[in-house]
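Structures incoming, each one as structure tokens.
Common to both upcoming complexes is chain A, partnered first by chain B, then by chain C.
Our next item is the complex of A and B:
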């Protein structure tokens, strides 16, 4: 029936029936992978556009928010990801040379790098969540956390003073806060401003009843003095971009495990290493995106 | 039969094997550039900082794509596919930024665009 390639080549197990030659199969897979990588670039490209526009409008938000990222952690993660890219590239070379042991070791090292990256990211994320640096409307810390901080740190209110719990609000003036109009609230800083843009826990409201002075008492308490309004915008784009990247790392872990199973089973050899090669390409693009995310968020 | 593969010794039927030595040199280069970019960020040279950081990132990315991803030895068409996607992202960013710079003067530092003032104007 087929008088073309099958007369000169035998049909190896790894060759799907709809391809004539291993080379044809390999080249098609490789082209498909590069097309997929192009869509990945475009996917992240949309977020990079969002980053550029937001930062173009409000560079001060990025300068401010970036202070709260740990550059050391970010740099370590960059090194971890670069090393795992190196071990992946080495694993591909091993696969191409039919070195099964090297391939397995390379994949294991790459997996370790991916796990290390995610572990460091977990530490970073949980620190931010503990500080209340959530994206968007959830940016401020929770009331329960606040009252705990107050119990720990604040002096017991004296006579004529009343500690007013700060409602979970973004209100920036007394009017907006909706406190009774006949009570003027004097806001004083009880605890010196500490670290963190969430700001709430280190500030408290002490209430003294005035009726004379109707001057505007701006509610500075809801903000650290130098914190720009909309500081959470930085954390929006930070969590969106590093989160999507983190999901890609997680996907990469799945790919590595799948490749590892195949390598242990001896599926790959010097004639057939396409999945290792393509999985490697995916892993490198994840590394490539982080190479840009790191300076854009941590090194402002 | 393997006409295309005759240019390298021991070249496999498909693909291109990048020697471990080249991979190691590439990896070392990437690590050195990471140190360089962290070090460079410690100097405040204003708007130039981001361009230095992006320049180093582009060099690092090129190393990854050329050697780890074998594009230097790969079919040129794969490079065309990849660079085209980058070009479209660049186009997207630059067009969006022309609009952004147009409005930058109207913005309050640290705040969203003048929402409150606009609402007041509408109310009167």
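Our next item is the complex of A and C:
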């Protein structure tokens, strides 16, 4: 912030008035982007925690639900995304070297990767929608109707479900306290998750459905009697996490198109490539998140 | 600031240049599209104070309703909506953005010696995000209202009938969250990358340390509320059952998510306030701040600790006893860095030459009120007492002492401190002190009675305390306390209207402010009042921000300036 600085060094167009040097501006942009990426990780972090909680409470749902995901498609998508990260990194290098043609090609390839990813996701999603595997209340057999009251046999008791009678020991301990009879004591009827029955062993996964089977077979399986209660929970978290990730890919497409326009107009050169660099960082984090999602849903 | 020119007349001594940031350009668009951090700060200030007025009106409705037993002016539903909107506006629109976005935006770059924040465009964008969030949040009134309380707990928020209201509100909170995140990112980067040579970390005024710690919290905590309200919206729209036990979900998970953000958020609210208090106490007692590094690092310590205490809001939500004990213990430890600050401020006051002018009176009010709030926080953090006090007026009183008695009082003190700098005008000291007195008395009358109400068992968020479910004794006792609490709120309101009056009056009739009316040493007092467009017409003297020995009072100018016998500071290049 020196008043003499602006007259002594040259102040290129891309350098905003409050910076002394391009390096300072670039580093600030980079720090800002890293902070933003931290917020992205935390945004997804909430969902990852949700995943951990539900998986811990209802392992059978995840075991059951993940059969219906197409591992091949997931694997192809993973490869597509990793390749697009590679082309993005290449685009960034080209930008830093002032290679405009390379930059444009790199961005186009990355865009193609993003498009391919979204296309495959579209196929996967529409298959599930056709089968009626929506999240939550719209799951094909509608586990709950919003207008129902608590008395109507809800919640659906299932493995790992938290509806268990109060253990005798608890009731006795209240008596032992010697509380006067006219004091109302409320006892929770909910036991901590760890103490609920876990149904993983009993779950008959003998006629395990493989994803390469026909769709009819799969649907049949989802309707079968031994389907764990609340099977939709798996699809909840699946759609939430991959959906949010998909929105980020979509955002990445927007960023890439914007960078492409800039590249075609020749805005970037070896002195000024900050936006390409930052866009690349963003694209890598989107990738990285998928690399966690893929095994969590499709593989384990 | 690469070179310090020592031959020119010292800054502050010169007559203010004609051109300042207010006169630099004109027309409504020059404001709405401005990238100048000072103008953005002023726009934030005006907007946030407007929201404060609105939130205050809802508070008055609540207080009027509770003033006497029986239904007064609001039906039960209206009452729920009134306290919800009061809470939402005050928390999300006023106190969370308040100090960083308004005063922080204005003074941070100047204190640092920079021309602007790192990302001026992002700064303007986050202002408009705030405006969008504000409009969405307030517009819920027209779409059935929201009656869940500011905490948006499920199942109230997922099963009520006010579908559109909740959806709008979740969207509003999401957008406001991003406004806050962008402000945080901007300030962190500014402090890292725009410190001119000579401005080392330990030459930064403590206000900047506080804003920096706040920035970390804004960046690290806010995304979690973003995903929480997004899940809430999806739950509401598609009934996916994440928080609904009937569908296998877990309502307590919502509380975990919510408090994982909202406990750090209470420090987003208070830390900048603490930063202001460090400035006010030191400047207005004309004495070097005591324990600079302790105060600086306690801000960072608070920021870190605040992430691991959220469970103290859920002692009665079915957490395991072990978790309760752990959270309770960590909660106590947060009080330590807060107390470190309080003792350092007291030590600063000790043997200082204190000027009891308006900003200082607010700082002293803060000390009293914040101490009460912190100590009552310990009552709540103690498991045995919290079972009795949870969800009573005791909690209401506790958080009003922190948020209003702490964060807001500090902000008002800050406004008075920097008002001459921002507007170039002085306000009436007499009216300033009167208003501060009214607010202090009114505040304690309003909220101390609520401590008593709570410890006698009055639950929070109740529309009424009369009827068959209440003993006549309870109705009478609570009626007395509620009555005086309402009276107190009227006194406070009078104080706020008085402030509005004399501040607006000063804009037109106030005396011209000197560059440095209080004797501040940090850089913002070295540029003219109001500052020029580029902040400094010449490079300021960087140095120890609390070394007041380099200043002297100028009777004619009615302000302080650099001592004439000092060409430049010892140790400065």
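Quick notes on this structure:
As a convention for this text, the second predicted complex is superposed on the first by the 209 of 300 C-alpha atoms of A that agree within 3 Å, B and C clash if a C-alpha of one lies under 4 Å from a C-alpha of the other, contacts with A are read in each partner's own complex, and residues count from 1 in each chain.
Operating definition for what follows: contacts are C-beta pairs under 8 Å (C-beta built on N, C-alpha and C of every residue); 3 or more make two chains touch, one makes a residue touch a chain.
None of these values were measured; they are calculated from a predicted model.
Of the two partner chains, chain B is the only one touched by A:83; chain C is not.
Looking at the shared chain after the overlay, A:31 reaches both chain B and chain C. In the superposed model, A:57 lies in contact with both chain B and chain C. Once the two complexes are laid over each other on the shared chain, residue contacts for A:236 go to chain C alone; chain B is not touched. With both structures placed on the common chain, the touch criterion links A:128 to neither chain B nor chain C.
Judged by the touch definition given at the top, the superposed model places A:42 against both chain B and chain C. With the contact threshold set out at the top, residues 27, 31, 35, 38-39, 42, 45-46, 49, 53, 57-58, 61, 229-230 of chain A are in contact with chain B in one structure and with chain C in the other. Interface residues of chain C, counted against chain A in their complex, comprise 1-3, 109, 113-116, 118-120, 122, 159, 181, 184-186, 188-189, 192-194, 196, 219-224, 226-228, 230-231, 234-235, 238-242, 244-250, 253, 257, 318, 320, 534-539.
By the touch rule above, chain B contacts chain A in their complex via residues 1, 12-15, 17-20, 23-24, 26-27, 30-31, 34, 37-38, 41, 49-50, 53-54, 56-57, 60-61, 64-65, 67-69, 74-75, 77-78, 81-82, 84-86, 88-89, 92-93, 96-97, 99-101, 103-104, 107, 109-112.
Taken in their complex, chain A has these residues touching chain B: 8, 22-23, 26-27, 30-31, 34-35, 37-39, 41-42, 45-46, 48-49, 52-53, 56-58, 60-61, 64, 71, 75, 78-79, 82-83, 85-86, 88-90, 92-93, 96-97, 228-231, 270-271, 273-274, 277, 280-281, 284-285, 287-288, 291-292, 294-296, 299-300.
Remark: chain A residues 1-5, 16-18, 24, 27-28, 31-32, 35-36, 38-40, 42-47, 49-50, 53-54, 57-58, 61, 134-138, 143-144, 146, 150, 154-156, 158, 161-162, 188, 190, 192, 229-230, 232-233, 236-237, 239-240, 244 touch chain C in the complex.
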